[in-house]
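The structure's right below; bear with me while I get my questions together.
The first chain written gets the first letter, and so on, giving A, B, C, D, E and F; residue counts start at 1 in each chain.
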Amino acid sequence: MTEKLVYITRRERFNAAHRLFREDFSDEKNLEVFGKCSNPLWHGHNYTLLVTVKGPVDPETGFVMNLKVLSSIIKEHVIDKLDHRNINLEVDFMEGKLASTENLAIQIFEVLNKELSSFNGISVHCIKIQETENNFVEYFG
Amino acid sequence: MTEKLVYITRRERFNAAHRLFREDFSDEKNLEVFGKCSNPLWHGHNYTLLVTVKGPVDPETGFVMNLKVLSSIIKEHVIDKLDHRNINLEVDFMEGKLASTENLAIQIFEVLNKELSSFNGISVHCIKIQETENNFVEYFG
Amino acid sequence: MTEKLVYITRRERFNAAHRLFREDFSDEKNLEVFGKCSNPLWHGHNYTLLVTVKGPVDPETGFVMNLKVLSSIIKEHVIDKLDHRNINLEVDFMEGKLASTENLAIQIFEVLNKELSSFNGISVHCIKIQETENNFVEYFG
Amino acid sequence: MTEKLVYITRRERFNAAHRLFREDFSDEKNLEVFGKCSNPLWHGHNYTLLVTVKGPVDPETGFVMNLKVLSSIIKEHVIDKLDHRNINLEVDFMEGKLASTENLAIQIFEVLNKELSSFNGISVHCIKIQETENNFVEYFG
Amino acid sequence: MTEKLVYITRRERFNAAHRLFREDFSDEKNLEVFGKCSNPLWHGHNYTLLVTVKGPVDPETGFVMNLKVLSSIIKEHVIDKLDHRNINLEVDFMEGKLASTENLAIQIFEVLNKELSSFNGISVHCIKIQETENNFVEYFG
Amino acid sequence: MTEKLVYITRRERFNAAHRLFREDFSDEKNLEVFGKCSNPLWHGHNYTLLVTVKGPVDPETGFVMNLKVLSSIIKEHVIDKLDHRNINLEVDFMEGKLASTENLAIQIFEVLNKELSSFNGISVHCIKIQETENNFVEYFG
């Protein structure tokens, strides 16, 4: 019998400052490529993070996995590092990366995939980050 | 010529009471596993249900299927059974199942897949249930 | 010089079960007056609570009052008593009251007005409770 | 080494009038098939359009593609043709098509797929159109 | 003893076509004053209507007034006249009025105030109409 | 005859960095009073601004005032100064003020009240700023 896979999603939020720029670009080049997102004095966002995990339903609990456990793993390894922080200067898993939403999604995927690897049958399916009400990014590994 | 598949989604809502627990667990064990969701005096939610159906576009109507028809099938076979009800005690398709959102999604998928089987070329693609603004579940069959 | 009054609002959420009925009504009368909201086996909602407090801006902090303090007062005196609870059976400040959203708003206003009375210059302006996406209630004292 | 594919989505909006009907149907037949959507004097919607594009992350910019560029392509080729327009009478890419959301999604996909074909490695993944808060359509090509 | 006044709000929705223009203006003048909203071939919106009614809480029911009754009065006298209609051509209470959201709010207030005048102690407090996610209008009589 | 007053609201958005702190406080004191909002390396938000203007309806246009005009005044005098900026360091009307949402609302009220003073019969009724989905501030002058 094939197991029925179910996808569960937990939403978390963080507020952070960032700046899009390259040190090897001149100020003019940064402005040309990144527009006002390159402001040297920073700007920021209310980011919404949606973590989707897939796996079979545990017949004992009716859960793919306990959402409280998922939430505290996300909080410890992702939210606490980003919330009320400067993404360019203070977040270990973003060191050396451009602080774009694309890179943020890829890095959060890697962090959570590693943290969830000990849960049998569970895997991270998608990391979705909503930066503004008009823009979001998804990464499926 | 390959047909173009389009996915259409209908959103419906229901308000229900439920409780997460196992009769073969002690009260302490239920509290440990299910937390405050195990409250013996119940709690409840405004559930949002998203039913996604896929199929080719009917050249006569421009529709995958008439959304009014889809909506009334969902209402008759799902919403009327859940709305202002106790999921543990009053819903035939949840009998003997833990009242988790995962199980609810699987059961609603089965009910609607059966009801829509007489529509040529149409199939249920996804059942998504939003339990709170921070948690949702998806099942694709 | 007149002080500038500013209104600040904190949103909190709770999920609860309830039932609208009167013991002195027959089942038929309850059904007639309260409809499916009178279901003896309960139903429930994701309630959204908006607490608006007004007062002058403290020149030292730029705050009307610290929102963390406001949030923890709301959590201790309101949310912890309602969340994952049965409003009819388990909430002290609703004892002997019909579990309508109107009564809930009035009682929460009284509770918070008392708790905030020790804050100089601050008063509760409005309690707003959203029961579903189509219904909400406001009480201004 | 396999490239990491990331999906980025841009949300745009347009307000338009339309009518669902067939010239080869009588008024009665149109009413029977399309209901009040067949009103000869039109009705309208606030449509929300979500354009999802997929591609690898450019190591120089951290972007799949610049969202400002994507937004202006969508505005020029889609929004400017639809916004504050009559979909049945004024939109070139809808000529001869029933003005259903399904057909709108397919046509917008074709338009944007052609406009984005000159961007290396980028392709349109999905066109999603939300017609009301209860109905949306997705087309993946 | 002063009665406690509570405000209850019911949300309803309608989709309609309209056009902003004056017959005594030239096409150029209409375009200058009303912009693309003057398109002679119409455009439309998903309008959201919020009707706020105030009154004392009935001690027998815990209600200001039964929301089902309020909803059906709004549906009969307002929504059924506007939904899937052309506001300029088909709505009796808008005859001879410019189809602006301001005028719509005033007219709906008058209609509902009259319909609710037979309910003891109840009055319409506010009509709020959301035309797009960025624009709304309120009228308090 | 008394004129009918109508309230119209325009929503605009800006993304900015800020920090809550006092120069005359030690780092420890700032952390104690302002919590993680005092992070010296900044954080940021997607702020939503709702500007409510009241006035009589112009019988020629059906408008309290043209929303395009209102929107461009808000953009020129408020949004362009705040969007993608550092509220503490780059916004002239916030110089010397603590960068709290309360102060932001008061200052924006003053700026817009002055800019709209030349419009006959129109006045700013309320400035509402939503900082996160759980917190907002209103100032009525």
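Heads up, the rule we're going with is that a contact is a pair of C-beta atoms (placed from the backbone, for glycine too) under 8 Å apart; a residue touches a chain by one contact, two chains touch by 3 or more.
Please read these numbers as outputs of a predicted model, since none were measured by experiment.
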Next item on the list: From subunit C, count the fewest steps through touching chains until subunit E is reached.
Entry: 1
Check: Measuring centre to centre with C-alpha atoms, which chain is farthest from subunit C?
Finding: D
Next item on the list: Going by residue numbers, if over half of the contact pairs line up, that's a repeat, so tell me which of A-F, C-F or D-E repeats C-E.
Entry: C-F
Check: Hey, how far is the Cα centre of subunit A from the one of subunit B, in Å?
Finding: 28
Check: Whole-Å distance, subunit B centre to subunit E centre, using C-alpha means?
Finding: 34
Next item on the list: Mind checking the centre-to-centre distance between subunit B and subunit F? Centres are C-alpha means, answer in whole Å.
Entry: 42
Notebook entry, point to check: What parts of subunit C, by residue number, touch at least two of the other chains?
Noted result: 133
Margin query: Per the touch rule above, enumerate the chain pairs that touch, sorted by label.
Written below: A-B, A-D, A-F, B-C, B-D, C-E, C-F, D-E, E-F
Notebook entry, point to check: So in the complex, which bits of subunit E are touching subunit F?
Noted result: 20, 22, 33-35, 97-103, 105-106, 133-140
Check: How about subunit E: which of its residues touch subunit C in the complex?
Finding: 4-12, 52, 57, 60-64, 66-68, 71
Checklist line | Residue ranges of subunit D in contact with subunit E within the complex | finding: 13, 15-18, 36-37, 39, 41-46, 83-86, 89-90, 132-133
